[in-house]
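Structures follow.
After this come two complexes, each holding subunit A, first together with subunit B and then together with subunit C.
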Partner chain A sequence: MLVIVAKLVARRLLAAVPILLVVSALLFCVLRLLPVDPAAMSLPTTATIAEIEAKRREMGLDRPLPEQYLIWLSDALHGNFGRSIQFGREAGSLVAATLPATIQLAGAAMVLAAIFGLGGGLLLFHLRGTWFEAVTDIVSILLLSIPEFLWGLILLFVFGVALHALPFTGAVSPNLPQPHVTGFLLIDALLVGRLDVFASAFRHLILPALALGLAFSPAIMRVLRSSLFDVYHEDYIQQARLRGLSERQILLGHALKNAALPTLTLAGVQFGILFSGTLLVEVIYSYPGMGNLMVDAVRNADLPLIEAIGLTYCVAVLLINTVVDSLYVVLNPKLRVR
Partner chain B sequence: MGKHTMSLKLKRRAFLQIATAASLAAPFVRPAAAAGDTATIGWPNDVPSWDPNQRFTPDAQPIFKAVYDQPLDQDPQLKLIPHLIKNWTLAPDATSMAVELRDDVTFHNGDKMTTEDFRYTFLERIRSGVKLDTANSWKRVDDIVIESPSKATMKFSAPDPTAPQWMAFLGSYIVPKKYIESGGLDNFLKKPVGTGPYRLAEYELNSRIVLERDDSYWGPKAKVARVTIEIIKDPSARVAAIQSGQADFTLNVPVREVQRFQSEGGFAAELNPITRVILLQVRADLNFADQNVRLAAHHAIDKAALSKAFYGGAAVPLSVVATPGSPGYLPDFSFKYDPELARQLLAKSGHGPSNPVKIGLAATNGQFPSDYDMARAIVQMWQKVGIAADLQIIEYAKYFELNRASKLPEATLYSWDNATGDPEIFSGYLLNPKMPFSAWKDEAVGGKVLKLFNVANYDARIAGYRDVERFAVEQGATIPLLQSVLTVVRKKNLQYTKYGNGWVLPQTLQWS
Partner chain C sequence: MLALEARDLTVSARIGAATVPAIRALSFQLAPGKILGLVGESGAGKTMVGRAIAQLLPPGFAITAGALLFEGEDLLTMAPARRRALLGRAIAFIPQAPMTALNPVLTIGAQFDEHLARLGLKSRNARRERAIAMLTAAHLPRAEDLLTQYPHQLSGGMCQRALIALAFAGNPRLVVADEPTTALDVTMHPPILHLIAEMQRQHGTAVIFITHDLRLAAQLCDDVIVMYAGRAVESGPARTVFATPAHPYTRCLQLANPAMSAERRTLYVLPDQMPSLVQLQHIAGCHFAPRCPLVTAECHREEPPQVAVTAVHTVTCIRAADTFGISTAGRSFGPPALLEQPLLRVENLSKHFAISRGLFGAARTVAAVNDVSFTIAENEFVALVGESGSGKSTIARLLVGLEQPSSGRIVFDGADLTTPSLRNRTRRAASLQMVFQDPQSALNPRRPIASIVTQAMEAGSRHASAEDRLKRTKELLAEMGMPADIAARLPGQLSGGQRQRINIARALCRVPKVLIADEIVSGLDVSIQAQLLSLLARLRAELGFAMLFISHDLSVVRHLCSRVLVMYRGEIVEQGPVEEVFGNPQHPHTQALLSSVPPDEPGATWPLLRAN
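The block that comes next holds the complex of A and B.
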């Protein structure tokens, strides 16, 4: 099985190369076609029109678009995404500094989405045929219609403002230091032996992760329930009943495993969307991740930074899809045969 | 027995609730003893970099002023005052400026601040090729002649009449020559060293800035020992932070929230007029080529109503592009709101409510408070007199490109910040056809402005700008609307010094 998975990962990574090239070209062209002037944005307010023109030439903005792209691509392949207009630092180093926080947030959110999604799906399935079914159905649709930023605001005002129960700004309390080892704050706090920092970072992670998790769990919930409905119409479920297995054994031993496949596919897609959903949530919770940085970049027409972050999101989604596909192979024996 | 059991259950439940609440709330309980020594500010934006010469970002200036010092400073009324420079003399032709620095100033690393650092900041590092915005503001510096560790003379290649004002403006902070040259720029950016009242204790990109008082500071010591600046970009989150006690002070919150906080105990909420103008940048061509149309567009706007609707009446209606109290302001000049006159002017050009003149109005949405709503209100006001405006939303970053390509519509709602209050940085920059923000490209006004850039005598310069400001408005070359306001919400017992340009300086915070 390991060989099959390894082959799949290799194939996926090879396929990622042209995808990345297309995405990078699209990203580059779209940004260059926008009516913003990075030359003017990179100069102070006292610059004259002549100085802006000189800057445009210096930045290569007067060259043909394909030439500009090839220069940028060549630099990007060497790890050089250019210097951020707003921050004056290497765009790549800014992404590297903020990416761990976003991964940590997205990971925590996905865990919560999986818990709520699986738990809710099983509950919905369990309540089938009862008068609760209609109610839970409406509730799940209602939850499905609430986007992550709205969850963010709701949770912030309920748990942050009204109840004063959880913090909602930053990644750790103002009176605590932020250790830097791997960039992942929870891990770093443990590595330096600061349990107080770990506890604080954990508390700061709860609300943003919950906002994202709650926004993405209803889809998982509903797909799991539908899959379970389908699976329960299969012959092997009836045969399991005839063999005298309890409903619990049937659910956990047979139905859930098969119903998990479409759910896993959906979760993979959702995780990609969830990763980009961190953007607004990070702004609302002042979480120092890549989404927060992206908002700055867009606001300031910081093209090098937008390109670096955009490509990073693309790579992240491709990696997530590769992991999901690998899991799919692990869970589905039919795919292993092929 | 039953009663006793219930009582026990209730007690246990109550205990569990209290314990849970206490454990969750524990991190927010500020130790009482530390309350006077610390303060947390909810700030809208991060600094672009810790090199204070690198980018002109108005929002970052108060933070830079905590860590670094400027050669000159401004008092709360914006009068230029000595700071690191004790004395300065601008030559009558403004081609040189002699300065005398304080001799008792040290950087946070213990190095003494001298004219070597002054020369390095305003000449050497600019010429070294480091990308700095100050390279533009100090491009006329030909040389800085050092006469002693505390005396030097700046030589300009062309008259620089606003050099003293720029010594207290964007990006003009003295940085340590020896520290940067020996440790490198990257080290300086990671561990910045200034001469300001606070040292940078901790910095997390886009998250927080922790400042610790420098007890060896040469000037008045900061009252609060440790200030944490939490970067909270979302206005609603800043409101929530102050409401919940996670911040002690915040700014740039919606006006309606200020009005709400004003009725709540424990908070002080303010709408402070500052040296920022909201105006319509206009073009001299398209359907605004007709002066009657431009003037009608101006007469048709009820600025007092805009102020009342969007700024609680705190934003002062303006008739010129300068704020009350600043040198270029004309207190006796008023451009009246007169819709009837607007109709008459339009009628002269063959337009009226039944035959409106069609123009475009560009506005940002969220660049400054109520920008889009204000633009909508202006469209309504214009409609009543016979101007049909097509409202277009643009990003602030688009403004320059559209202006460069002559693609801006007839009018653009714009906000302009000028912490110095000097008229050159108000109408001088906004009407100078060679600058990227000027939408007005006509020489009648532009020529007058360009001449003033070389007038060395302060009084003559100011008088010239006063004339230009009036002339520009009478020509319809600009439509000033309101003096903008800074919204502030703070704990009632946290005092600060209010500056006319909206600076909120951490070193002026004080618990009472």
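The block that comes next holds the complex of A and C.
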């Protein structure tokens, strides 16, 4: 099985190359077509036309677009995404500094989405055929239609502003130090032994993670329920009953593993969307992740930074899909063909 | 003590506000170590009996009266926990579709382990050894390896062996086998039945064997109950019942089934079909009366009583004395086909499919059809037989142009149809038409019947007018022996037999020269099959067309076709006139296929079932 997973990963990584090339070219072209002049932006407002022209030549902006792209590409392959216009720092290092926070948020949100999704799906399935089913149907559709930023605002007002129960700005209390070892704040706090920092970071993570998790769990919930419905019509469930297995054994031992397959497919797609969903939630909670950086970059037309972040999102989604497909192979024996 | 006894068992279904009995007042006694056959067509209520034993009835159905005693204890009044404790231990089930009855994401070993743990085997090693022993007893080679395999890595026959091993693992006192061979290839039938009989003898188990196959029931069962529309119409020792049937339904079913040995005769065509539960509400008196050839006015008056033919043989019919008089005439075959002038000539036809081995592996091909040559003459019905996967359907698809051959020629009327050209395409469409196996999926569910059967009139540049199409629809429906008001209905509103007629009618819209029929009667009940086979014979006489009849059912082939092609692994291994090939088969595969059919005579022995 390991061999098959390894083969799949290798195939996926190979396929990722052309995808990344296309995405980067697309990003590059679209950004160059914007009516902004990076040369003018990087100079003081008092600069003369001649100075701007000189800067343009220096930055290579006078060359044809394909050539510009190739230069950018070869730099990017060497890990150099250019200098951020607004911060004056390497775009790559800016992304690297904020990426762990976003991964931490997305990971926590995914765990919550999985818990709510599985729990909710099982609950919905358990309530099938009762009068309560109609109620849960309506509630789940209602939940399905609330996007993550609305959850963000609702939770912020209820638990942050009204109840003062949880913090809702930043990643940790401003009066606490931010240790930096791996970049993942929760891990770093434990590594340096600052439980107070860990507790604060954890409390800061709750609301944004909850907002994302709540937004993405209803879809998982509904797919799990309908997959379970389908599985319960299969012969092997009937046959398991005829062997005298209890309903509990049938659900946990036979149905859930089969119903997990379509659910996992959806969860994989969802996680890709969830990762981009961090953007708005980070803005709402002033969470110092890649999403906030992206908003900053867009607002200031910081082209190198936008390109770097855009590519990072793309790589993240490709990686997530590869992981999900590998999991799929692990769960579904029919895919384990050599 | 009896293994199972039913006393006036009644299962009812709720239809709207009414309650309609799906099984009415069924009584039988099954002694330990005996096999009781429940025989009849679909809708007779056979499967419902098995489900009643486990109390797993479909939604809307409930047991409304009677008793079902398992070793003297009533299963119906028993506490659910007590009943569940019996399932899998004392009462086991062998399913109809083995491939789907095993959980696809669990290994065979895991499924055995779970079951054996429930049976009380504490240690993992003991369970493993018991599983290997049971699989070996079911004649599965390399049982240790099998434990680590998943159901999709096994053939249908192997899955069924594993399920039989699973069923007998707990030394059950009662086993319910519901059509255990129907989903398998013909050559798998004898070994699977043999295994069930062997296990049953070894464990001294009582078996309820549900089947639609009268000849099979005669061979396997000690006693049989023939069921019709929820009622036991005839019961007694299997061989007695089928040698001297007393109920007209039993007799008609026998005569509707084409024979394998005796002289060819016309099939008895029972009109219409078994009444549905909705229709049953409106039938007074005997349920079979509307289709019965011996019906009298009295039959409609009240339900017939159960009468004893002999001490052990009972029948529910007031005209039982005349049953044996029902018969069919011998039949002559139409004029001999002009074999010297073949209409369709297939020469060295091959089809290879590439199986991709992923990005890094080299591409491999498999030959689905390998160097196949045959001819079909005008008006000739030629059969193509073989097991699933032998390449029969690929040939059909190649003939009608759904697949392109890798090499070889298909010559029709002197022209090679494999040369791609518009002319060949129209020629092919006009002269070769295909009837697909499953009318359920072959007919567009959103199109009314009139539009479906005249679909061919939409082809080409000239669209036929609505009046023309309606006129043709009426002609075709009349030809098929169906009422004209069906034209406006949708396929979903028709019965299975009616849908298959529409499926055939569509192919006959512009009477083709050759009809290619892919398993068009398999899966249909015997009486519906007889209707369709007679229809095809009549249509040939009236319209004149040749047919390539793809089938796995040799008795049907013997009845309908004059020549037969036997396929095995993509090649035609034997061909010739049906009498010659069936009378003196040369190829081992033809011999295997022929010996898989139970004998016609209820008294004859079937060597494959008795052999060890």
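Just so it is clear, the second predicted complex is superposed on the first by the 334 of 338 C-alpha atoms of A that agree within 3 Å, B and C clash if a C-alpha of one lies under 4 Å from a C-alpha of the other, contacts with A are read in each partner's own complex, and residues count from 1 in each chain.
The rule is short, and it goes like this: a residue touches a chain if its C-beta (ideal position, glycine included) is under 8 Å from a C-beta of that chain, and two chains touch if they have at least 3 such contacts.
Quantities reported herein were computed from a predicted structural model and do not represent experimental measurements.
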{"item": "Clash-or-fit label for the pair subunit B, subunit C on subunit A", "value": "fit"}
{"item": "Partner chain in contact with A:257 - subunit B first, subunit C second, else both or neither", "value": "second"}
{"item": "Greater residue coverage of subunit A in the superposed arrangement, subunit B or subunit C", "value": "B"}
{"item": "Subunit B versus subunit C as contact partner of A:7, first or second or both or neither", "value": "second"}
{"item": "First, second, both or neither for A:165, with subunit B first and subunit C second", "value": "first"}
{"item": "Touched partner set for A:51, first subunit B, second subunit C, both or neither", "value": "first"}
{"item": "Touching partner for A:40 - first (subunit B), second (subunit C), both, neither", "value": "first"}
{"item": "Superposed arrangement, angle subtended at the Cα centre of subunit A by subunit B and subunit C, nearest 10 degrees", "value": "150"}
{"item": "Subunit B and subunit C, minimum CA distance [Å, superposed model]", "value": "38"}
{"item": "Residues on subunit A lying within both footprints (that of subunit B and that of subunit C)", "value": "none"}
{"item": "In the complex, subunit A residues that touch subunit C", "value": "7, 11, 14, 234-236, 238-246, 249, 253-254, 257-258, 261, 331-334"}
{"item": "Sites on subunit B touched by subunit A in the complex", "value": "21, 24-25, 27-28, 38, 40, 42, 46, 48-49, 51, 54-56, 131, 133, 136-137, 170-171, 189, 202, 204-208, 210, 228, 230-234, 236-237, 240-241, 243-247, 395-398, 400-402, 404-405, 407, 429, 434-437"}
{"item": "Subunit B contact footprint on subunit A (complex, rising order)", "value": "34-37, 40-41, 43-52, 83, 86-89, 94, 97-98, 153, 156-157, 160-161, 164-171, 173-175, 177-178, 199-200, 203, 283-288, 292-293, 295-296, 299-301"}
{"item": "Contacting residues of subunit C [partner subunit A, same complex]", "value": "54, 56, 84-89, 92-93, 95, 97, 100-107, 114-115, 118, 150, 152, 163, 166, 358-360"}
